[in-house]
Structure formats: structure tokens, C-alpha cells
């Protein structure tokens, strides 16, 4: 609860700073503030006080995820000033929107009531619509914003419809009540329909097939930093919220929903990977890669009772790798009007450090040890085998193989092609963020217990 | 009597909704939509939810629709300039409409318990007067105080967003 | 003492090899050759020493150096066995080896790689000693392959000529085919007896250990394949004539006197096993007989002096195998020894001729050489008489014994062997007449250079000629020293055929046969002064013979070409297909990716359409399908 | 001191090399590789003295993963092979100059680190990590410093990476499946899993895919020839000399003990497949026009035989396999180095453009000849000892298979001598061919020395590995 | 008033709002004019609002109606942002036909 308030206050402060013309202080102060909030949240790790009509619950699940979100936001905000160098007058807006987005994100994992969830997801979505369209002189950005908005609002309709049906069946928006009512046998049948419609809305948000179509277009059109945000923070948030919802409703869902989930998971992985193979635009490629990772993360939903830790681990691994990759991408595509692969040509020579970091990030996503992406996949596969989904694991393995294809395309470009232009100076923050992210990624790879044990 | 009113209102609602979509001229669409909103408010009134109905009319017909109309006027969109749609689009739209309506309705019909009049739960308490609503909405301990405040963040974001999206570029840009 | 002597015996040639490899180029030519010769001579001396020792003690000497390999449930030591058989072999290997080394000093004097030649020769002697003295099949195999290697190196000694290299390669690979058989044989024996040690196996057999005779037969058959590879029997004999590409001393040493007898050595070594498997013995005898006949046929029409000798070697080896197959091991050994003498003499003599002719090997261009090369002629004549089976000379006794045994055991084989003997007499005298009689048929320039070879060449010839004359007396019918000497090697005593009228009758038949052969040769080449025509004039059956029954061509067409064809097919099609399949998986995926991009068409309407359809199907599946 | 020290040395070496700068990188790498060799010899002494050199530490609590490093005789043999070859390989590269050599040598040491880790791991998970980790350096080594047209090189290397990666993922699934049953990744725990033959079969298959691609066995070998050809000599040596031994070692260490029932049930299929590779590799080698490709296919044939020996699950088979791994490791490194020496002078790999080298460089010819002979398993060379035991083990299972596998000694001689003849013999080549210099000669002489010495006296190695192999057989035969 | 629901039956209301929701979907799919699509989405949201009120009555619980307020706030916020984006697009391409927005694809 305090986390939420503190972040919102920080957001307002940002807006005020603009008014008082202390623009330069915004980002440092925000980062320090966020780190402080991170500390605050982390120390209250297992405090499960649920006051305020159970609107916000901080428990084993929400706190680690909140911490992850805050951390990711720190990275993203740190990247903001360099990215928006030419639009300094908008920085306070960008930063505060991101902060508010973070409140939405935190609400989405800490909600104790569907109202909070709904508001959280809407805050998140609306912030993303704005950020996607924020480069208003660029038609691509406009188009991305528009597409995202239209489809997102459409999906919100489904989510709302689902919530209404759940309410109709249970008579309350409170998660505790819902969970309890769910376990009793006589619940109105439309609860299931509501839960499924809600799930469909969430599947859209995490960009799982066949609700994924928006992702590549929007990722490609949005300003790169926004893409970074969407592919890391937003995806992870939606996934965590979805996980929480499913774990609350799981008992009630018909068995066949497991099958449906499996099919969706397989579809997402396969479509994401296969489509990514032939992409030239790196952002677009990462969008498809994100779709496939959504498919992987969806697998955790097949064993909700035991896999919260694995989801956290997977999400952290994926998001940290994503942050590292996007930091490099931001540097490479700076002042470029596209993000095609050839921009990365020769990066291995012109900037070996960043090239190495990007390689590491991609290897992590591909699931190669010692990067945490590998451990995430292993733990996930283990969980799935335990639950008896061998076919799913096989498909996932095949997909991991396919994914190497396109991740390595980028690596090849960096190391085997000649650079087309001289090296540009690298903004310090890009290097710093990329390094920290990849180091964290490796660190959680070397000490997986640190995250895994949090949620057990 | 009530049933008749319900059917009339429902017919208006659905018809105006359809007309909103089928009318070529955006202005006309907007007007049909307003009618639709009013009919929905009528439904609310049927349930005796006057406050909600009023708010509904103020927000939708008053704010949202005006905003839409304003935009239409601003952009001078009151022409019927939409290109002729391809048959495929129409087919797809119709098909998916039929499909989704069929599936949802079938699912509801299949899963819906047949409720007799006596099956409805009646508490007899007041649950939708302004007073009660206010309490539920703004009570800190047992109400929706937090979401209510959180909604302010939502509105703030949309405000900043709208501003950000229409802010003039400073000279240095590009 | 014995150990160090043995090590000297073994390592002296090896030291010679090392010296010539590392310092041969730096010292003068004569030093290099002398050192090589001395190294072998030392071995010969030690072998003599051992010979006398064993003659008095009658006890085999077993020396284990160290533990070498571990196989399944038994160990294989790096150990050596000096018994009657191995010492006998040692004697003539190192003895003839020494002579040929001496010969080579002069013969190879002008070659730029003289030191290498001696290095290889020494190495060969080293491996041959290993082969002969090894106390188990694996050590023998080291020597076995080692001599094969040296043979390869020496055949291809003039490595600039790729044809010679082809011949060397052919020899090595053909030998390897036999070696595979040998290996499998070793495996089988190891499996059956849990040992590959000669003494152990012999003890096991002697003590009547029951073995699966079927498997034993398989094992001995495999060993025979090994032997037939090394000793040039059908079907693996074709490499030997080609091996004449090497320098002549090599042909004499390796491809006549020593290496090619390794197969006979091995079978004699394991005589107690072959005795248990009469079927295999029968096969050996038949193969030996046929080989001797076929080779003799081919030799009839060859014009290359060394080729004739090579086929004659094959033919003689066939006779030895015939003896082996009939269980007359000591007779085979006897013939090995006499053959070593006269065939070495013949080869060295032909080398002397070639030396004089400056490398010309075609008999059609020789003739009348006896006028120019007296010593060579006389020694050559003696050796030819020996090989033809004229009494007193060594070949007579050994060959006669083989024929005798054949007569007793199997008349058909006797007929074949006799036929081969008659032909031998014919083609050897044909060779003699064409080379040394009548007028010289070469160019004037060659005639101008004709001369007797230097004494370093003639000395070995003389020694060998003497041995070819008197060598037969080591196993005089009725009073065979050799048979007595070799007794301990065998388990089963062979029934001796007493010297009776049949014996004399057979001797007479053999001699008459030889004389008939000589007579035909005389009438053709002296009386009628025939000279074989040019290659393209040969017709009919002679052409088939001249082309060696087209065996090389058949092998080429039936084995080598198909292998190449399969190789090409594998490389061009299977590899491509396999690689293409794996690559195709990637390609298909990529193609799906390319096609999939069409779906991502940028239209919100389409995206939402899929969204709705997806929703509808999920709900329909979950709520309506059940 | 335990085995982790060796890993630390190599890792520190990799980092030190990376930091040292291009000028000194090669020397520092050599130094560290020699140090690693020294350490492994020291560890061998400790092991022989019966000291405990194993390390086991909990790493991840849930799932239970240990940092478990252990060495028995077999492992020690492989580790020694690796650490002995590494200085040779590094030293052999002194004749070439590589751009960014600090990265190059650091990657080599890192790869060796991973490979040694693979040999030492006693925990399946750790093992897998090292296994995968070794793949990344070689990928970059081949990609960045390789020869030939970058486009085709890229294609080959990427194919190699994806292919091997794909295979090992299936092994990972097998491991995870086993973990679900036993609750631990420790080898000692995994072998206690009670599995039906059917389950074992799938697990076996998972491992098999990983190993068959890495070794490689037919028909999974298609990546090999191209990569060997395109990779820099050092990369090829690492790949053929050590990396594929990793997979063969894993068969003995992991695959057979974990799925013995399946291995026995389907013994003839796997032995047969391996032996088929012997013939196939030999035959395809006959027609190769590029010397490195020819050697690649010859390697395919040899490792096919080794794998066949492993799959017979007899003591002879395993021992022969281990001996042959070591022999082949040295031999193939020597051969590839010889090929590299030729291509340093001729800048081509095409056999047709060579010939007549013997006249110009007798020393090199002799060395090359000995290596060729070792490769065709001439008795007296180390390769013979291994090949003999392998064939003997095959004969125990089936004489037919043994004969088929034995054709390697014929076909091997066929293509190797054919190659030797075309490359080295014949008339003098117009192009100048300098004889080996000291550095090159030293490497060759060491390799030849090892091959000859152990060919005559393999006892130390046999004594080292036999107890471990007997133990392995016992484990395999537990059910 | 409970009697309304009893009189008409909750089923009919659910059907009504479902159909209305579907009309909204249909509108989004059918039209390419962004503003009309907005309106269609508003129809969808309104359908849900109606449903919420129905359930609120059904359960005799105020929470449903309170939720409608939030829903309205969300709708308003969405429209505000959506229109801002729309205006931006209109400035760029002078059209609000979303079929003209096909630069991002593939």
C-alpha cells in the first residue's frame, strides 16, 4: 500500500519539478526515490497486512514482483533522459507517466479486489497508449499508438465483461471471496465464462497467440524505449497478474481449460519463434521473441500451485535480458529511422562491450547456460515434466532450438559483418544499465535459489 | 407493463446501436449513440438506480459524446468519406458477429439456471440510494475508497497523456 | 644374459635404422651402408649363438619384457619366444638379410636416398625379427604389420613415380585385408583360449582342453586369410608382382626370401590348431595348389625378368601352402629355406643383370649376357637348376618331398603340383635362355656398357648359389636333420613315409617332368631361337596369360570401382540428402516464417477478426463442446 | 587440493589472457595451460595416492543442485588428455597470427575450462551447464577466426551450433525427467531411479541425440566436415581432439549407467549404427578433395568405432574406447596440425593442388607419415592398442559386426595412404615448401612421442582407467 | 427495484447486454472509421455497465454500481487519450481511416 502511495507521490513530484523548473533533478531524484521504495518494499517482504477493505494485499507473491517491477522501472527511467535528449521539455511527462504506470503495475500484482485490478490494468494500458504514440511527429508511432489503443480498449471490454460475469456469479469483487466461493461447488456457471473472458483479455495483454497480432506492429512503431518498456515491464506485469488471477480461479475452471491453455502456449511459442526467424527489424524480432516467451511463461499456469517462484524467476531473467538487449538497441538505433539488423553490423568491432552484452542477453533469451534464461527454462521444464506435460516440454525444446536461429542472426551480424559507419559515443547510462542488467541476469543465474526460494 | 417497457427500451437500445454502426455520417452515428445511451439510462431507471442513470447521462452523453462530436467537428469529418468496404470485410464482420453472439448466447443459455420469480434474492435493504452508494464508494475500511483514489491516478495519467500527445514541439526538435 | 642378447638381436637393426634416419645423410654413403650391414650382421651372429644354444639345450627361451595390453580376462605381455622354429627363421632372415645388405651397398650406390634405403631395410629386419620371435599373436602382429609397412616404404622407394606409389599402396592394402583376417583370428583364439600366447595355447591344446571346433575352424580360417595376404595366395596375390616396382634387393629380401614366408611361419607356429581343423587344412591345400598352378601359368609368358620371378615366387609359395595344408609343416619349412636361397639368388642375379642393363627389365631386349657376366650367369644357372628340381640342388629335395606328400594324401593335388613344377622348369629356363644365351638384342649403347657387376654384388650371389646347391642336405630323405630339429614344435607326430620304391619312382617322375620342361624351353628358345613378340602381337590364350588372367582388371571392376562408385554416391547424394534434410528443416521453418508474415498484414480489422474468432473458439471449445 | 583448483586455474587463465593484451596473450595462455597440465598431473598423483580430490557443495536448494566435481581414473585420463593437448594446441598456433589474439586465446582457455568441467562434473545439471558452455567459445572461434568465405563459414558454424544445441536440449529433458523421479541431479542419486525399460529407452534416446550429434555418429554428422574445414586449425583441433571425446566420455559416464536396460535391449541397433558410421565415414573420405574434410570423415570413422565399443558395454569395449579416445585425441590433433602446416605454406586445402612435398621437406614427410600410420592403427602405435581392444570387444558381441567394423583397417589404409600419396609424394611441386620449423617440429615430435610411447607401453593408462571402468560396468550391470 | 428483475427475468437482461456487446464487437469489425470504432467500443463498455447494474440488483449489492463508476472513469480516460492519438494521426495523414494505417506489418 505504501509502495503504491509513494510511487504516486513521486510521480506527482516529477510533475511539480517541471513547474519549478528543476528539470535536471527529476531523473536522479526519481531513481533515488524508487530505490528507496524498492528498499521499503523489499524489507516489508513478508508483511501481509490487508487493510483498506482488502483492496491491496502485500504477500509473498506481490512483494517480490513489485520489487522486480520497481527495479525494471529504475532501469527504464534511467534510460529516459538520454533517449529523449531532443525533447527535454517532455521529460517530466515521460518520467511521471512511467511512474504512474508503475503504480498500475504494482496494483496489478497486489490487488485484493477486481476493482483495483481493473484500474491498475487500465492505468498501465493508458500509459502505454500514450507512450506508444508519444513521438507524435512520427507516423509509425501514431499508428502504433492507434492500433494499440483500439485493440487494447477492445480487449478491456472483454476483461470488463469477464469481471461483470464473475461478479454476477459471486456477488463480490473481493479476491478472497472469489477464491473461497470458487472452491465451493455451487457457483453459477457464468462464473466460468467470465473467468475465460477475463483470461482472454489477459492473453491479449501478454500477447499470446492468437491474440498477439498487435504486438509486433506496436513494438515496431513505438519509440524504442517504449518498446523496451512494453517487452519487459508490461509483459511481465500482465503475466504476473494473469498468474494471480488464474491461481485464484483455478480450482473452478473446467479441466479442458488446461488443454486450451496448452494449445495457446504451444501456439504462442511456435508462432512467435517461426515468425521471428524472418524479421529484419530487431524490435519486431524481439516482439515475436516476446510472444514466444509469453508462451513459455504461460506454461507456469498449468501448475499454478507450485510454479509462482518459477514464474518470478523466468520473468526476472527474461526482463533483465530484455533491458540489457534494449539498452544496446537504443544505442545502436540512435538517430536512425529504423531498427533493421544491418545497423548492428560490426558492433563486435566498434563496441565490443555492448556487443558482448547484447550477445549475453540474447544467449540468455535463447536459454544457454550460465545466463539465467537457461535456468528459467530448466526449472520450467522440470515443473512441466513433473506435472506430466511431456509433449509440451518437447514442443518447448523444439522451439528453443528454433529460437537460436534468430537470436544468432543478430550475433552473426555483430561479429561477422563489417561496420557501416564509425563508432558513435556511447551515453554512459546505456552502458551502465546494460551492464548492470546483464550482471544481475548472470547473478541470478549463479544463485537461482535467491529468487526461487522467495515464493515457496 | 414492465416487460413491455423493457422490450421497447431494449429495442431502442439495440436499434440505435445498430444504426450507430450503419450510419455513414459520423454525426448521425453520434446522435444515434446518444439515443442508445439514453435508452440504457432508461434501463438504469427501471432498476431504480437514479443516481447512476444521472451520472451515466452526464458522463456519456454529456462528456464523452460531446468530446467525440467536438472532435468530429474539429476535423471536419461530417462527410461520408469512408471508402466502400470490401465484401470480405463485411463478410468477416458479419460472420464473427454471428459466431460470437451465437457462442456467447449458447453458452449462457446452456449454463444459465432457470430462475423462477421466487428464486431471486431479496434483502429488502436499501442498496442503491445516493447515501449508500456514497458510503460504499468512499468508506475507507469497508468501501471502495482506495480504488476511488486510484481512479484519480488514472485520470491524471490520461490528462498528462493527452497533454503530452498534443504538446507543441519546442524549436530544438528535429 | 638371454634377455640382453635378445635385446641386442632385436635392437641392432633398429639402432641401424635410427642411425641412418638421423645421421645417414651426414655421413658418407659407404658408412651408411656399412653400418646398416653391420647391424644385421650382429643380429645374425646372435641368432647363430642362439641356434647353437638351443641345439644343445633343446629348451625354448621365453623372455617377457613388460606387460603390454590387457584384454578382457587376460593380459598380453611384450614377450619373446625363441624356439627351434623362430631361431631357424631368424637364421635365414638375418643371414640372407646380411648378404642382401652387402649387395645393396653396391647396387644402390648411386641413389640419392641411399641412407633411407638402408634405414628401411634395417627397420624391415627389425620387424621381421619381431614377427618371428614374438611369443604371442599380438607381438607377431606388430612384426606382421611392421614388415608390411617396410614393404610399403620400399616398394614406393622411388616415390617420385606415382605408379610405384600405387603399387606400394596396393601391397599395403591387400596385406591389410589379410591382416583383418589375422585380427579376427586372434580375436577368435583369444575368445576360445583366453590367451593369445603360443605356449599357453599349445599347452591348452596338448592337455586336451575342449574347444568349440566350429569356432576354432573359423579362427584358423581367418588366420589363413591373414597368411594368404602376406604370402600372396589366391585371391590376395596380385600385389606381389606389382611389388617388383621396388629396388631389386628389396624384391629379393622381402618379396622372395623372408616377408612372404611369414604366412607359412604363422601357420607352422599354430600347427597344432590347424591340425584340429582338417577342413581348413583342405582349403589351404587346395588354395595352395591352385595358386601354384595359376601363377605358373602366368609366369609362362611374362617378359619382364622380375615379373617372371615374382610369379614363380607366388607359385612356389603355393606349393608351400599345399604342404601346410597337407599337414607337412616341416616340409613347408624346408621348402621355405631352400626357396629363400635360390630365389634370393635369382633375384639378386636378375638385379645384377638389370644393373648391367641400366634398369632395363624386358627380356626381349637382353640375350647373350653369359659372355659379359660370367659369375652372374653361373650362379643364376645354379639357382635355376635348383628351382627346377634337378637332383642334388636344394630345390629338388624340398619340392620332391612336397610332391610326395601330395601323392600320398591326394592324387589330384599331386597332379596339379607336378604340372606346376614342370611349368616352373620351363619358364625358368625360358628366362635363362632369353637372358643369357643367343645374341644380345639391346641397343648398341647398352651393349657398350655391359659389364660384370662389382664384387660386392657377386659375393652374395656366390654364397647363395652355394647354399642353393647344398641347402637340400639339411633334410635328406630318410635322414632328415630338419625334421628332427623341428619335432618339439609339433604336437602330433606326422607319420614319416619311409624311403621306398614309390619314393624313387616319384623322384624319377619329378626329374623327368623337370627335364621335359627344360627340353621344351630348349627347343623353343635355343633351337628355334624364338623371341617373344611385342605386346600387341600376343593373341589367344597367351594374351589372357600375358594379362595375368585379367585378375587385376576384375578386381578393379568388381571391388575397387564399386567402392569408388559408392563413395561418389555417398558423397554426392547421401551427404547432400542428409545435410539437405537437416537444412531443409530449417528452410521449411524459415519458409513458414516468410509466409506467416503475410498474415501480419497490418490491418487492425484482421487482427481483431482473429481475436474474435479465437475467443469464440475457446468459449465454444470450453462450454459448448462438452 | 581438489579438482576445482584446476577449473579455477583455467578460468583465471582465461581472464588473465583477456586482460593481458594482444601481444602477450598467446604466451600467457600457454603458461596457464601448462600450469593446468601441471596441476592435473599433481591431481593424478593425489588420486593415485588415494586422496580425496572431489568436491561437493550445495548450490541451488530447490531444485536440488550440487556443485559436485569428482574424478576417478577415467575422468583423470580425460582431464589429462585435455590439459596435455591444450598447451600443444596453443603452442601450435604460434605460427599463425590472429587478430584480437587476447580474445582468441581467452576463448580457448575458457573452452578448455568448460570441457574440463564437463569431464569433472558429477552433478547432471552442472554437467549440462559445462557441456553447453563449451559450445559458445568454439562457436566464436570458428566464426570469427575461421577460414574461407565468411558467408559459407557462417552457415556451417551456425548449423553446427543449432544442431548440437538441439541435441543437447533433449539430453536436458532426459535429465529433468530423471530429476523428477529422484529429486536430485547427482549422478549417484540418478542411477538409483527405478525406471521401466520403456522410460529408459526415451531417456537413452535423449542422451543419444546429444551425443550422436556431438560425436558425431551417422546420420547426425552433416555439420562436421564443413566446420572442421572452416574453423581455424586450433578450433578444429579442439573440436576433434577434445570436444568429441567429451561426448564419448559421457556415454560411459552418463548414458550407459543411467539407462542400462535400454542400452542392453537395443545394443545391436546402436552398435550397428556406430559401426555403419565406420564404413560410411571411410568410404566418403575416399572421395574428399579437401584434406581437412578428408580428415574429418576419417575422424567420423574412428569415433564410430569408439562409440561402438562403448555401446558393447564390455570391459574391453569401454577400455578400448577410452584408450582410443586418448590415442585419437593426440593423433587427430597431429594430423590437423600437419594439414595446417601444409595450408600455412600452400594456402589451400585442396589435395589436387598439393604433391611432391616429400622432396622438399623430408622431416615433415616422416612426421606426417608416422601420424598417418598411427591413424591407420599400425601396431606399435597407441591407436593400435585402442583399436585392437575395440575390435575385440565387438567380436565378443558379434563377429559379423566386428568384421564390418574391422574393414576400417583396410579402408582407413586405403584413403589415408591415397591422401598421403597425393599430398606428399610424386614429382616436385613448383611451389616452395619449407620444412618444419622448430616450433612446428616440437609439437609434432611430442605428439608422435606420446603415440609411440603409449603404443608400446600403455600400461600406466590401462592401470589408471581399468578400476573405474570395472566400476562403471558394475553400475551398468546393477539391474 | 427487485420486482423489475423478477418480472423480466435476469436472463433477458443478460441476453440483452450480450447482444449489445456483440453489436459493439460488430461495429469495431465492420467500420474503418476510427471514431465510429471508438463509439462501438463505448457500446461494448455500456453493455457491460448494464450487466453490472443488473447483477448489482440481482445481488442487492451496491458494489456493482460502484464499479460502474470506475468503468465510466476508465471509459472517459480512454476516450480522452484515444482522441488525442486520433488527432495526432489526423494531423499527419488527414484521415482517420484506420485501413490507411498499414505501415507496420510483416
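Chains here go by letter, A, B, C, D and E, matching the order in which they are written, and residues are numbered from 1 within each.
We take it that a contact is a pair of C-beta atoms (placed from the backbone, for glycine too) under 8 Å apart; a residue touches a chain by one contact, two chains touch by 3 or more.
Everything numeric here is computed off the predicted structure, so don't read it as measured data.
K.L.:
Which chains are in contact with both chain B and chain C?
P.N.:
The common neighbours are A, E.
K.L.:
Which chains are shared contacts of chain A and chain E?
P.N.:
B, C
K.L.:
If every step must land on a chain the current one touches, say how few steps get you from chain B to chain D.
P.N.:
Tracing touching chains, the least step count from chain B to chain D comes to 2.
K.L.:
Looking across all chain pairs, point out the one with the most C-beta pairs in contact.
P.N.:
Comparing chain pairs, contacts are most numerous for B-E.
K.L.:
Taking CA centroids for every chain, report which one is farthest away from chain C.
P.N.:
B
K.L.:
Going by C-alpha centres, which chain is most central here?
P.N.:
Looking at where each chain's C-alpha mean falls, the closest to the middle is D.
K.L.:
Which whole number of Å gives the spacing of the CA centres of chain C and chain D?
P.N.:
Roughly 37 Å, centre to centre.
K.L.:
Distance between chain C and chain E based on Cα centroids, please, to the nearest Å.
P.N.:
That gives a centre separation of 98 Å.
K.L.:
Averaging over Cα atoms per chain, report the distance between chain A and chain B in Å.
P.N.:
Result: the chain centres lie 30 Å from each other.
K.L.:
Return the distance between the CA-based centres of chain B and chain E, expressed in whole Å.
P.N.:
Going by mean C-alpha positions, chain B sits 5 Å from chain E.
K.L.:
Indicate the residues of chain E shared as contacts by at least two other chains.
P.N.:
14, 21, 24-25, 28-29, 32, 38, 54, 58-59, 61, 63, 66, 70, 74, 77-78, 81, 84-86, 88, 98-99, 101, 103-106
K.L.:
Using the touch rule from the top of the page, what residues of chain A touch 2 or more other chains?
P.N.:
As it turns out, chain A has residues touching two or more other chains at 115, 119, 122, 126, 129-130, 133, 136-137, 145, 147, 150, 154, 190, 192-193, 216-217, 405.
K.L.:
Send over the residues of chain C in touch with two or more other chains.
P.N.:
Answer for chain C, listing residues that touch two or more other chains: 586, 597, 600, 602, 604-606, 608-609, 612-613, 615, 619, 623.
K.L.:
Chain pairs in touch?
P.N.:
The set of touching chain pairs is A-B, A-C, A-D, A-E, B-C, B-E, C-D, C-E.
K.L.:
If you look only at chain C, which of its residues touch chain D in the complex?
P.N.:
Answer in residue numbers: 21, 66-72, 78, 138, 141-142, 144-146, 149, 152, 156, 159-160, 162, 165-166, 169, 172-173, 176-177, 179-180, 183-184, 187-188, 190-191, 218, 563-564, 566-568, 570-571, 574-575, 578-579, 582-583, 586.
K.L.:
Can you name the residues of chain A that touch chain E in the complex?
P.N.:
Touch list, chain A to chain E: 114-115, 118-119, 122, 126, 129-130, 133, 136-137, 139-140, 142-147, 149-150, 153-154, 156-157, 160-161, 163-165, 167-168, 171-173, 190, 216-218, 220-221, 279, 284.
K.L.:
Quick check on the complex: what are the chain A residues that touch chain C?
P.N.:
Per the stated touch rule, the residues are 147, 150-151, 154-155, 158, 192-193, 196-197, 200, 204, 210-211, 213-214, 216-217, 254, 256-257, 260, 271, 274-278, 402, 405.
K.L.:
Taking the complex as given, what residues does chain C use to touch chain E?
P.N.:
It is residues 597, 600-605, 608-609, 612 of chain C that touch chain E.
K.L.:
Across the complex, what residues on chain E touch chain C?
P.N.:
Against chain C, chain E makes touches at 25, 28-29, 32, 98-99, 101-106.
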